[in-house]
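First chain A sits with chain B, and in the next complex the same chain sits with chain C.
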Partner chain A sequence: MKLLALASMALMTATVIPAMAQVSDEKVKIGILNDQSGVYADFGGKWSYEAALMAVEDYGGTVLDKTVEVITADHQNKPDIASNIARQWYDTEQVDAIMELTTSSVALAVQGISKEKKKINMVTGAATTELTGAQCSPYGFHWAYDTHALAVGTGGALVEQGGDTWFFLTADYAFGYSLEEQTGNFAKSKGGEILGAVRHPLATTDFSSFLLQAQASGANVIGLANAGLDTANAIKQAAEFGIVAGGQRLAALLFTLAEVHGLGLEAAQGLTLTEGFYWDRDDESREFSRRYYERTNRMPNMIQAGTYSAVTQYLKAIDKAGTDETEAVAKELHEMPVNDLFARDATVGANGRLLNDMYLMEVKAPADSEEPWDYYNVLATIPGEEAYIKPSESGCSLVSQ
Partner chain B sequence: MTMIFGIPIQAFLGQLLVGLINGSFYAMLSLGLAIIFGLLRVINFAHGAQYMLGAFVGYLLLAHLGIGYWPALILVPLLVGLSGMVIEKVALSRLYNVDPLYGLLFTFGLALVLEGAFRYFYGVSGQSYMPPPQLSGGTNLGFMFLPNYRGWVVVASLIICIGTWLLIEKTKLGAYLRAATENPTLVQAFGVNVPLLLTLTYGIGSALAGLAGIMAAPVYQVSPLMGSNLIIVVFAVVVVGGMGSILGAIVTGYMLGLAEGLTKVFYPEASNIVIFVIMAIVLLVRPAGLFGKDA
Partner chain C sequence: MADLTTTGIERQTRARTEWLLVGLGVAALVAAPFFLYPIFLMKMLCFALFAAAFNLLLGYTGLLSFGHAAFFGGAAYFTAHAVKEWGWTPEFGVLLGVLGAAALGLVIGFFAIRRQGIYFAMITLALAQMFYFFCVQAPFTKGEDGIQGVPRGHLFGFIDLSVPLNMYFFVLGGFLIGVFAVWRIVHSPFGMILKSIRENENRATSLGYSVARYKLAAFVMSATLAGLAGAMKALVFQFATLTDVTWQMSGEVILMTLLGGIGTMLGPIVGAGLVVTLQNYLATSEFPVTVITGAIFMICVLLFRRGIVGEILARLSRGEGDAR
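Coming up: the complex of A and B.
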């Protein structure tokens, strides 16, 4: 028995030691996998790929003297397509880490594959807390935001302003449920009441019957537990049906700069929303965002800036570990604080959750906007420890109680 | 409160009306498809893209030339119709003598190119287009709050559908069109310019899509995806109505709009499937569609 143990120890060190000293296949390859043609193509899309490219360029284009390459693909919001791409990337294209992963169902699928294949994945585009909860992975990280942070931010602000009865319009998949549940629980914990919810398919164009049901419920807050183009259409049509004029308030639970831009300030003004980043926050964020604007003709939202941060942190971790071997890099990612233009002195929990600050914003009226993309008033900063579920309470089996 | 099928009658009536509004868009779009298929035997996969084009042309007219909704209502169908005629003349007309699959592939490719181009320049979040001031606001009908603009959509689409049907079935031009599809050689022998008629037909079909597009612009976000989100449903409408049947397309459009509206009350998760379930049932029972001539 002892011999067997010794032999396996020897085998383990034999495989680990050479990896400690080098970068696999002489190259670090990062895959940006997200929606580039569907309802979330502005939310993250090719704009996140652009942010990842900038992160690599700003880092100098190499790590441990090896070239860093970024590739990208469109998963069309379909977990099966995403899984195929992820397997192909890991198995035949020597991809070391997959990032961005907009759409919760896709992120959960790819995180499962990454765990099985022992590869790093860093999610910035998906929202479900499952990623760092029951389905957490020792090699999986969740950057930028999640449904809990949105519930605390936007949900909390509306409850504080007297929103005590809620009705939800929920996107019919993992993300919508997660957002609805957490916002609902948060509102209930503050003495609020949930009057009902209606589930709509992803990429619905007409929300009028759902809005009529919300209107009839008499709830004073209508929570939009959806994202991207769906939320924009729901807001636009809610105005049409006189919902806001009738005294009910809309809570766009996941709405970013990209969607505000598409909807226009005329229709979006006065909305309360929560993001992990605003380009006009400080000098550092402005400097980055202006450079980003030169390349893309748009300002980054939290998904795109978060992707920049995730890529940068991944490269820093490789540098520190002296290898791109998964275990070693994951260890550094868990231990190193994140300090960049996106997050300041933020730590990463044992469940892989980055505890970055969130910002509660209000969309400006057209008259108050002084330049293009000048869209938000920052109402409050929510410290990372308050915004996210405590790692010890997340339900992730990796956290020692 | 009076209840019907377990829901308050007010909510029920409201959903019926909403279904009617969506049905108006389905009817206008499937009408154009049915005309093009009926007369040209081309399955126009670019129809959704032409609808999207209509909304974008309306937006661009307003943003760059300051041309508002009412003139756009005339200009947009003209421009989209003209572009359709150019496409027919340059490309589609060369595909009539080969397998219909080529026409289908060509229009599908065209749709992808158009969508891709607009996505490149405007992103998927799209642009906002406000309803004209005369039609903003709404009316309280007692059982629901009806936005004035949506009321207008129902009225206008009824006028357009009936007008188009009359044009095809009751006028001399319509008679030529129908004759040209029945027997092009014979009609040509009588001195009628058949290729011109076909170009005109595709133009009318495209113009109808463009018109639906500009009418949809104030309701939906003007986005490159708006066409592809709708076109599959519209194809189902045409199949249920009977390929090529103009009356069938109109009636089925309104009917399926209503069916979808009711599903959204009873089982919202199924609202984007119900139309296809109906399509499957109709295909099983009446393979030529409800109004198809071959049944």
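Coming up: the complex of A and C.
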């Protein structure tokens, strides 16, 4: 009870007296908000929370001599729950920054709230370019990846690897169309040719007729402009039709290590995809990933490693600014280059976009995999400046200022 | 069912308990935002109204709709679009949402009431799914991203709804109007006919009532009130997304109503409060939310089938020497 009284007193003084102290309410509190029980539970999930905890521990557990605390919540893929929790965190629990934010609708909603309440949010789990485009925020940051980077990676870089004729399997809704259009444009700009596309209903279980059309098109790349379970089902059924064995390449546009693990190498072999991180990239990423593996029994994908990077960078920014006050920290986050196990010498655009390198990967055949989680061959590295929309062309109002 | 068998005195005591509860409830709701987090309360009120509207159909007319998310989420989209893109004031935005939901209700109801039982449920589900796929594809809903950053605006041009308390009382007003409407409908001659349809449709027909028309009217009313809940929710959270039109949302409102008690005035409200609270508070715990709500639902179905409020009311009337 004494503690409670003390805490509430601290809270009252904190709200009455304008930020005199370096660190508000004597603590830096980071909230990890994402889906932990639904379809994205492996995509980010509580594994992202683990990554955030590791980031804080690796940083020493304190910043400016104040404790850093990480809390988490499961938004169950519902923007209203996410929005409720985010507001509650900011208003009553002195959370200083919210991170991860899987799924676009949630990320946009929480970024809106953060902007209104002048708090920092760092998105690693959502794909939409709107976050650093029309709906950008001076306190909002987007780490790890976005749809544009995936399209550049898979569409552009794959053509250079010899995948010059394309056929798309597109989920019949806005997300699918935009993936198909963006990827197709990059493929064309590199000299590729689009032979055709077929639209499949969202969340269908039978891809056979679509796959047969794709097979008959003779295209050497079949682009899967869909997500989640649709992609997984399409890949499984493509394996049954022997599409990859027949010499055609499957290219998934949004697929990560966690999903490859779920699908198994037998079905996923030969699949091409783009990610912002691979654990087996260099010594630094391997060292981190092995420690991560000891805690979670899995290797991190770009969402989880990205969350580690976002938390670390946020703490560095507080250290450099000498305060956790939002404006000052946001300024440092915009200015400081990111150099950690996730991103190397990456800069952050004025729209809040981290311009990290992306990697075009190919899933190994079971025989080539030498150890558990040894899943990818890196085909190409796409530099951050090429992968993302230039901040000046993003449509974000902050850039022109 | 109890209504038809209890005697006048018992009905009076029961009515008195109900009024007492209602009075206490309204007082508690007025005081609540000073103690609890307003956004959370507003969300609870929106879902409570949604469940109450659903109960009008399931509890009093005996029609199990599996497509109510279409009205709830549809209204949210209409309101969000009108307020954000056309710059409408909140009251007209909500009105458009409500009317839109009523129109949707008329169309879906027109087809669905032609069949009964499981077929009725399946038709409502199918049509609601059609609406869902429309929302997935239509450009104005912005697909996955949803309509974001909807301004709350000024009610009647001068009450600033971005102040949490103002917004709360706006939502509370809408909620009370909606629940009063349900109460009025249920306790009117029209409501009696609905109940007679629920009890025995053939007999109602043989008494000369045009059953189809009554069912359609009840369906549209329920859709309208669900729309009011959805429209207000869009303003509370300042967005409208696909979550509200998915079939899972239709399932959730059934869960709320069953948990609280079908065919009671307070049941759906209590049920909605319980489900929303669980979703919110379990979110920060270690437990998987869906598993726990599922387990509670199973316990409820196995142990007290009348739902929480239904069971309490039944115990009360039994305690007072009911014939049962």
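Assume the second predicted complex is superposed on the first by the 293 of 401 C-alpha atoms of A that agree within 3 Å, B and C clash if a C-alpha of one lies under 4 Å from a C-alpha of the other, contacts with A are read in each partner's own complex, and residues count from 1 in each chain.
In this text, contacts are C-beta pairs under 8 Å (C-beta built on N, C-alpha and C of every residue); 3 or more make two chains touch, one makes a residue touch a chain.
The structure displayed is predicted, hence computed values, not measured ones.
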Touching partner for A:D42 - first (chain B), second (chain C), both, neither: first
Partner chain in contact with A:H200 - chain B first, chain C second, else both or neither: first
Which superposed partner A:T92 touches (first chain B, second chain C, both, neither): second
First, second, both or neither for A:N377, with chain B first and chain C second: neither
Contacts of A:S189 with chain B and chain C, given as first, second, both or neither: neither
Partner chain(s) touched by A:G228 [first = chain B, second = chain C, both, neither]: first
First (chain B), second (chain C), both or neither touched by A:S392: neither
First (chain B), second (chain C), both or neither touched by A:D172: both
Touched partner set for A:G262, first chain B, second chain C, both or neither: first
Touching both chain B and chain C, residues of chain A: 37-38, 172, 201
Interface residues, chain C side, partner chain A - complex: 37, 39-40, 43, 133, 136-137, 139, 142-146, 148-149, 233, 237-239, 241-243, 279-280, 282-284, 288-291
In the complex with chain C, residue positions of chain A that touch it: 36-38, 71-81, 83-85, 87-88, 91-92, 103-105, 108-109, 112, 128, 130, 135, 172-175, 201-202
Chain A residues within the chain B interface of the complex: 37-42, 45, 172, 198-201, 203-206, 208-210, 212-213, 215-216, 228-229, 232-233, 236-237, 240-242, 246, 258-259, 261-264, 266-267, 298
Partner chain A, residues of chain B touching it in the complex: 8, 10-11, 14-15, 18-19, 21-22, 119, 123-128, 130-131, 137-138, 144-145, 147, 149-150, 219-221, 223, 225-226, 229-230, 261, 264-265, 268-269, 271-272
